[in-house]
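Can you read through this structure? Questions will come right after.
The first chain written gets the first letter, and so on, giving A, B, C and D; residue counts start at 1 in each chain.
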């Protein structure tokens, strides 16, 4: 029988963004069952959120300590907890659950302060449970393929690394926005703004793909929007292990950029380029050869890349979301959603099925008759 | 409390591709609960598949008729059934469930023959239940946005339509491949090969976006691979309602193409272009203006497009799969998967969390000290 | 000593577009000297045009017959003539000069009518001179490289061809425009509009790259703009020699398209894709390999492609125009052009040279001093 | 009558790359006549080069001093001189000709040392002649359009600038290559390698487009190839006037890169992006609007951009080179070039002209007959 891990969640209540992403991601491959939570630091909101998500209310907790205690005691208690709170609230619950040997999947970055990070690290070392961070970009199949190519020596000795992570959504004062608000507050976010929020992804991915470690940095952080407390832009020159050099451009005020995260790795024998906004492809240069396009699941997929291929090459990963949309709309129609009639217009129905059948058969008939023009109404 | 629809499935057992896609899609927005199935026409395989998927075995049926009967009788019986069998097996189960007023979500095309299509259409008309086809490309947010733009008159009177759906995977004889095998068998697939399998998507999407109907075709279907029974390539000239003209290129022997499905709609005042391999973007031309790039959830999103935006612009829809990968690997590690140690190398751990914290804080310190080079080991 | 061919021109006077393109092209590699012309069918305009272009007025002729006669008699008469008139005026002068054994470079298509084409062909066969058509797209280095790849068998047996040539500039009635006017007049253009004007390029390039011949067509030509006399859009299904099939989309009413001319060639073993709007690159698919990007002068350049490489890979061919712009502006400034002061603002001067020298040396100094911030004013 | 400037050249003899580019550029718009030169510092080679280029040998000089003297004295002496020598040989001839009030067009950078630069600047100030540097990228129409947009305030207050200029051709030791050799020799190139050679272009273009001045830099220059004397890679953080910040990535060891030069300018209200490898397009973001694609000569061209549009939008600037190729091949055929027969296969001839005429007319006939398949042989 299929075995699903019992999963709890800290944070992620109403109005949160990343909590829903974590739950959806846990559901996708059907390996988790979401059974308990402390979804908000405000008990009322925690309960309302639990109701909305269909959680058994006896397992909706007002605080994470109680939750850790109760779930650890229960025979069917959670085996894993997701922590999706702002940065300053990562360490304390992570420590609590790790001490109970409950596995932790935490949003990044690890903590808001170095002090918390070292403290948490001590607990991780002594716990029997695992601790994982959702540096989600390292889960892309093409990224894992790139890592395998680097490991196989396809690039030769690496020399330089160029990274950029550019967003524009903080280009003007948006601190009343829930997403922007805690990110620009040093108490909750930590010492850095853009460098902590997205620079952290950039550096993790570079280390993940190359296997190198960042050793020293020379940085120029700027706060462009007046009144903001943390950096919203940064240029960082980097030196990595093995005498590799490079630089990073990090910005959340890069007007017009949505989520433009790109890395380039240059070695003596080859180079690799990847850009997050078209993540199913990478460009692979080898000295003396034409550049090659690596595709998710395509011709040069490495067996040891551990890249999950849920759907065939050329079906971008978003294919599944498009498919899910049909299912989601169908459910809304069936359950009588207020936009039911609008949705009915959108969903492929019997009429459209019949029309397409006529198109197929008219095409076959036309071709059989020397490509004569053939009316669908004749079918 | 959250309400999930009880879902059953016909087909989609071991070795099938599209069944897993349907289940994952049903799970994504958490609106369905998968509770019953007749997962294969071979009873043994049906049961083995049910076990693998964690289905209650009392609701794993040897044939779809029994399933329809039993589930219709049960108070907690399924409310919706997904039909994911080869084309020739769409009509019979669909009719059976619709007669019991159980909603049907069927894979496309509707049926394998015109006779079945008309028969099914009669039942659809008389049933209280809904019938939906998974023309999944119409679920993409950018496609729905395009439809809204056309409806708003942004293109003016439409004049021409160009569509192409090109794959290369049937370029050589692959009939021993399970996916290829039934698609090239006229008994199971119907009168057309590539035109039925992917041409059907192309025509549905064109009608969906434009609101026009295809009226007449002049087609040239070819079978390039020797011994194959159905077309693997087609050129089709089309005439649509409202004096619109156009053409389609359909191929499954277009060497090197993965799933290159593109449409262009040209009107008197504007034009729209979309390509499935980069589905979060469309190009929008307006006479006298610079071309614009429409992005999923971006600046010109139409409220009435009913385009679900699960994640912000610039996060391609595949973002969720990358995220899910981290969750999936974490589960495998926790449950002791055989590749556990390899996967542990891949997942962001405490060590990597600490390293990134050092990177963030070294960057802040460097910037505060006139961009002086700052070692991470000093943090 | 360098030897330049003495060149004359028929047509291409004031207001013409393609004549200037022919002259610039003749100048580019310095193999021609432009010495005589009959630049307009209106004698006054012919002379005014000759003056403007700096032609010796004694060799500016009022009609092409006189020109052929006089130039053929002269010891230093023209060796080559360019014919850049509208289509209906290609045949007569071509025949005249060929009969005098003067080489002809004619704009495409060959003539406006089949009758003229056969008549001209007879003369070509009996003349000692060469006859060339400026199907200019066959002069692109990457196109010639593609031809060499096909010839080398890299694609295996060719199966299908997809071509499209899409423009939007005739989307509304523009017949008062000099360029549009003769193109839409059957007397001057011939039996076809868009098919003759740009479809001719598409078919030539397909035959050029593949070595195949078009044998039979099934076409649907449409005139969308009311009152226009010739087709402005066409879908054409094609059958080529060697059982190759394909289709073409031709349009001059494809809203928003500038000059979107693309071809794809699919064989059993490989495929090639090229698009004119980014002409220095092609995509090359080989079964079982990652797609490769062919670049002008890049890694897999074939010695026998006869592709002229004036500048290194990565410098798009337009690089030369950018360079020429600096020279052109400098000449205008020196000669006291009315916009002299505006142009002076644009051209890199001593001040900007000095500033860049400071940038270079400040960068060197900074790097020598542990990347310390270094002011350019200190240099 | 047309007036052409009399042009001389210093450097650019056999084996040189940039000299030929200068001459071709001078020829393109027919505003110069190349009449004198000192094409090499080796007198024999200077004369051989002059012969090859068809120069009047009495105006081929053994040294630039004699040339300046003689040409200045002559009534028909040169009015402009191009200096296309290695960097260390820019200053001395420039000074010589400027003192004679002969205009100078010099390759960049201005000189090899700061001392020379200041000395030359003094002479420029006192000369009646103009001094221009061929920062050729500022001659691209789309770049000039971007400059006009910035000047018009379309981006609002500029905040950040990102530039990168990446090549890979110096990735391994290539100092025996003529192009590489002087560029990596500090005596001839100056204090910097990659920063002087291509970083100079990047900074000039940034200043050109934005109107800002670079004020201070923090740089990390590296020599990756062992034994090389100058930097081949650099990361440079920059601070510009008006509190603008940014960074540059400069490399000549970026494996696989051909000539990847890109700039992005971000302001409070908008942003602009341009990449040299596809130079006819730019991306223009405005807050609250969909991104727009600027095309050369396209919909939003600014009258005051002084962008020369030789050919219509969508015809990439390289169009002219393709056209010129046909002319060049025709000349070679006519003059009996050794590859004459191979070239004859490539050029569009009467046969291909006739074939295309048949294609056009068969398409018209087919369409008139309800799209019936029509053989070209029937025409």
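The rule we apply is simple: a contact is a pair of C-beta atoms (placed from the backbone, for glycine too) under 8 Å apart; a residue touches a chain by one contact, two chains touch by 3 or more.
Just so it is clear, the structure is predicted and the values come from calculations on it, not from any experiment.
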Task = Please identify which chain has its centre, taken as the mean of its CA atoms, farthest from the centre of chain B.
result = D
Query = Any idea whether A-C or A-B has more C-beta pairs in contact?
reply = A-B
Query = At what distance in angstrom does the C-alpha mean of chain B lie from that of chain A?
reply = 21
Message = I'd like to verify one number: the distance from the centre of chain A to the centre of chain C, where each centre is the average of its C-alpha atoms, in whole angstrom.
response = 47
Remark   = So chain D residues touching two or more other chains come to 218, 220, 237, 257, 291, 295, 298, 371-373
Contact set on chain B toward chain D in their complex = 218, 237, 283-284, 288-295, 298-300, 371
Request  = Spell out the part of chain A that touches chain D in their complex, as residue ranges.
outcome  = 155, 159-160, 162, 164, 166, 168, 171-172, 218, 220, 222, 224, 233, 235, 237, 245-247, 249, 251, 253-257, 264, 266-271, 285-287, 291, 370-373
